[in-house]
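Per-chain residue numbering starts at 1, and chain names A, B, C and D are given in the order in which the chains are listed.
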Amino acid sequence: MGGNSTVTPVAQSKFLSEVERESGQRIMDCYQCGKCTAGCPSAASADVTPRQVMRGIQLGLAEEMLDNSMIWLCVSCQICTARCPCEIDIAKVMESLRLMATRQGRAKERDIALFHRLFLKSAEAGGRVWELGLGGFYNMSSGHLLANVGLLPSMLAKGKLEVLPHHNKKAKAAVKRIIERASLLEGK
Amino acid sequence: MTHQAYAYYPGCSLSSTAREYDVSTRKVFEALGLELRELEDWSCCGASAAKGINHLLGLALPGRVIQQAEEANLPLTTPCPECYSRLRFAAYEMKDEATRKQVSQVLETEIKNTGAIEPTLKIIWQYDGDLRIKKPLTGLKAVAYYGCLFVRPKDVAAFDDQEDPRSMDDIVTRLGVEMLDWGFKTECCGAYLSVPKPEIVYRLVYRILKGAKQAGADCVVVACPLCQANLDTRQKAIEERYRVHFDLPIIYFTQLMGLAMGFSAQELLLDKHLTDPLPLLRGKGLA
Amino acid sequence: MARIGIFLCHCGTNIAGVVNISQVREAVKDIPQVVLVEESKYMCSEMGQGGIREAIEKNKLDRVIISACSPRMHENTFRKTVADAGLNPYLLEIANVREQDSWVHADDKEAATEKAIALTRTAVAKALLNQPLTPKRVGLTKRALVIGGGIAGIQAALDIANAGHPVVLVEREPTIGGRMAQLDKTFPTLDCSSCILTPRMVEANQHPNITIFTYSEVMSVSGFVGNFKVQIRQKARHVDSVKCTGCGICWQKCPDLVPSEFDTGLGGRKIIYVPFAQAIPNVPVIDMPNCRYVKHLEAAKEGKKLPPCRICEKLCPTGAIDWEQEDQVLTEDFGAIVVATGFKPFDYGRYTEFGAGKYPDVIGLLQLERLLSASGPTNGELKRPSDGAHPKTVVFLSCIGSRDERMGKPYCSKVCCMVMAKQAILLKDHDPEIQPYVFYIDVRAGGKDYEEFYQRSQREQGVLWLRGRVSKLYQDNGKVIVMGEDSLMGRPVEIAADLVVMATGMEANDGAVDLAQTLHISYDTHGFMVEAHPKLRPLETNTDGIFLAGTVSGPRDIPETVAQGSGVAAKVLGLFSKDELATDPTVAYVDAMRCTGCFLCAEVCPYGAIDKEPSRDGRLLAKVNESLCKGCGLCVAGCRGNCINLRGFTNQQVIEEIMALCR
Amino acid sequence: MSLDYEPRIIGFLCNWCAFAGADLAGTTRTGYPSNIRIIRVPCSGRVDPLLILKAYQQGADAVLIAGCHPGDCHYVQGNYFARRRFALLRQFLDYLGIEKERLRLEWVSASEGRKFARLVKEMTEEVSRLGPRKDTVRRPVKVATE
């Protein structure tokens, strides 16, 4: 982890209990077998593995565990959760770390965080998600201007993407209101 | 047979990228005498985005859908695993009384959280009546790809075996298709990472497609719009990148059902896939 | 007036650190008839016990209350102490203020002190009604039953027999030998398993003091230590073992082959068969459901015709085949019972992510033992099951069905790390081109020369140990792809293997729970039988006269199993060194004046300990047979008129306890 | 839950399983409320219903009977008798006006120290919630003895 600095482990850290509370998982049950990592679709592309995330929490390394790419590359596929011999819901832990990071305004993988935000924006704007718009906005906002563009012509030709957003007025109003009220009430 | 009706939640994907899944699902249900009543003014379930930003929002968006079904007084169903998973999660977490109250507060209406939520796949799997097959799909070899969200997690969503699910295999076998055993039934395709991190998805999908090819499949049967999109629309790029030739059509199980029930390939929008299934189906005399 | 002495133990700080002893002393010292309250730092120490003896003699105590640890811990110790001072040991009562007070209420000293007072008072109330009791003496049968003919059972039987006592060895399979007979070579010395096992099997078979019943099971057990009555069912072999010479003509000529249990399904055996060449006894059994003659008879019943076969019968030179043979039930007397029914390997088919047992080139440890064995299904040539090819890349997965909460098996199976090391070395010996990889979580190599052995596998043999659990296996073009993590590197790794070996853990054997229930001994949640004390009485059960040896009580390797076999023999011999045994005097007794002769008590007594005896006026009344009564008290609760009572736990005593506790 | 109400629970524990389980809770330092007072009996089947009534009559707020799991009884079948008697007694409690939560029969093995602790905790909380007994059993009824 990190690889170039000395770690000062903190037993029973505040961070550990925060993650345990947020996720409802017993992190100290993890005996570092690596089964989660071995099956994880994203681990190979991330800076730390899911097992190392669990270890980092055990050691109380709050900064590093909130600022890595793994928690963002996790797609909640639950493979880790299904196979963990200690019955830890690792996917839930990842989700909790994402939430904690978001609350602190951290996001190591800005693109993915951005994608999530735009997704919600799209839902807010139309009540339902407009996938073409989502892709387009994403490309513009992320700066990956040409990402996925190669696909566009064939997808449009096949009618796979609707060119116009299919808004629904009532749904739109409802979603807007829900987003407002949820942000208001979250944490209360 | 008793007439059964369901509150139908298609979800965002099925009304755009995955229209063929929507269309074929409706046709199959109708043919089986199962009624789908689409929820009026339904809204997005929030997918994986909402819960990652605000926990409560991740419950309230699906919560609205659940509440709409309650109003309609019907069991809720959806073909999309992502939606299904979100709905189930919300229902699961709302078993906690405080959470249920909180969600009700956001929605400004009482949500009872007592209704059934089942995916269309499960309903069809458990359908024990006649499948009204007019034209068995003999000669076709396929593998079923389930992805993640129908089989995980165990206590919330899974209705089939976690590592070796059977539901789609059982259904499609009844259509006359030879279903092959393989090792990737429930491996992850990378989901929405195909937009922000296509590299990861290439790697994962390559493995899955290779597995399907090795098993000897002519095509891959799916039940998820995201899986379908990743396996279908990324196939060409993957073939180029890894210098392989797959040419594996990725077909919704409902499209195959429709075909066996006698609907035409065009009616089932089988011509909408990027990896064209028509040559294969025509070659076998099935379309 | 009684003269009661109360002894308050501090147990170092175990009790005194929580319970305010002086407060207890104050509270109990004025209880009527209490003449003395004393304290000791360690009541069970020589000094503590000496103090008790002295106090009894000096103060002429006739009741002793010890407020200390659980009576399950030291009741016997203190009974001896008071007996040494001339007091009847049943006039002692113990208040459990450690296990059930100071240790569980450490966070509330006041409540713990209050409870200590209540418990001590209660002991006084009960003790006042204690009666002096004297154990009866009964004889014993100096003959041992050993259940299970694995190495543990064989060792125990030999050691008991060599000391001159008769032993009956009951084995469920057609031969003795157990799992060890299936092994190729054994760690850490790599001596051939059958070379060291077979001589023992032969010795047991030829021993004048040992009778072996194979293909047999224990049906029921009654009686008590020194005097067990056991029913044994000998299943029909359909071969007369007196006539049979073991010539082998029958099994050579029998036309049908089915998968061999002994070869873990990798090889075949005939329908009439001995499980392996050195089987003891060397008498075959006929596997009736699979036999052609039986199928012929069944078909005939339905009016169909099938050839009758009976080749074995025709060719047997001694006329030993006996179709009429039936199961036999023998009833035998024993003084002691040794349970050594072993383990079974975990079924790796429960791991669906590893192919649910459907991938042919994914096998278990025991299967690899058979493949490596010169007497195995491939004559020791290493061929993988799918296509018979010689594997070059072999991957081991540790902790299969061990250390896994998901499988309900949190425990470590203790031997599989070493077995993996052994097999990896043996693979290298077979074919230096083989590259073994071992995925492990921790290497458990704690035994004499074990660590050196494991190190050797890596240093000298080039076995690559990878720290991490594997997540998934899948088949790909004749390979099994292993997806794991090297957790030391922190990177996912993938290996394309020709053969994958699951280090299956040890599970309780089939039928273990049934057997435990038949014997009335305890077993744990995993089906392993429970020792009387995990450290200090590892070979005994909570039932006197029934002992445990080997893997029946938990995973262990051969050296430990053999040590237990010998250890258990010492326990049995200790028992047999006596000519009579003292029985527990806390038995039931009938008040003949009140008994109405309804025999509700007899109906509930599990031991048939209630006799019907005519009274003077000719009515039949209940009478307790004291050598059969085990003191459970069911009869007491069953009798409507309070006419039967239990010594040491009389109704009046329990009522006194209730009243004291509810104060 | 009223703060000053400390219920008194009488536990009849069989010597072989439950009593050993309670000991194990101690050995492993698994704490539980001190409200329970334990009486050691050879077998759960030894517990005469009259003894339970005696406990109520003496003012016990609740009674726990704990023995070996079905099939594990040291005396073969004692716990089955206990179960049968328990079912009858529970109905009778209703008649006396004693809430059925005040009587429990549980299986606790010698290895279930944690379970025992949990049980005592549960029972204490439950009985605290019920509050003091409201029935009128608490008066001398004659319990036949020797």
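What we mean here is this: contacts are C-beta pairs under 8 Å (C-beta built on N, C-alpha and C of every residue); 3 or more make two chains touch, one makes a residue touch a chain.
Computed from a predicted structure; not experimentally measured.
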item	value
More contacts between chains, C-D or A-C	C-D
Distance from the mean Cα position of subunit D to that of subunit A, given in whole angstrom	50
Inter-centroid spacing, subunit D versus subunit C (mean Cα positions, whole Å)	30
Subunit D: positions in contact with at least two other chains	none
Per-residue multi-chain contacts in subunit B, two or more chains	162-163, 187
Residues within subunit A bordering two or more other chains	44, 79
Contact graph of the chains (line, ring, star, complete, other)	other
Chains touching one another, given as label pairs in label order	A-B, A-C, B-C, C-D
List of subunit A residues in touch with subunit C within their complex	1, 31-40, 43-44, 48-49, 51-52, 79, 83-87
Sites on subunit B touched by subunit C in the complex	161-164, 181-184, 187, 210-211, 214
In the complex with subunit B, residue positions of subunit A that touch it	41-42, 44-45, 73, 75-79, 81-82, 89, 91, 95, 98-99, 102, 109, 111-112, 114-117, 119-120, 123, 127-132, 134-135, 138, 142, 147-148, 150-151, 154-155, 158-162, 166, 168-172, 174-175, 177-179, 181-183, 185-186, 188
Residue ranges of subunit C touching subunit D (in the complex, touch as defined)	70-73, 96, 98-101, 103-108, 111-112, 114-115, 118-119, 122, 513, 516-517, 520, 522-525, 530, 542-543, 586, 591, 604, 606-607, 630-634, 636-638, 641-642, 645-646, 649-652, 654-655, 657-659, 661-662
Subunit D residues within the subunit C interface of the complex	8, 10, 15-17, 19-20, 22-27, 29-32, 34, 37-43, 45-51, 54-55, 58-60, 68, 71-78, 81, 85, 109-111, 117, 143-146
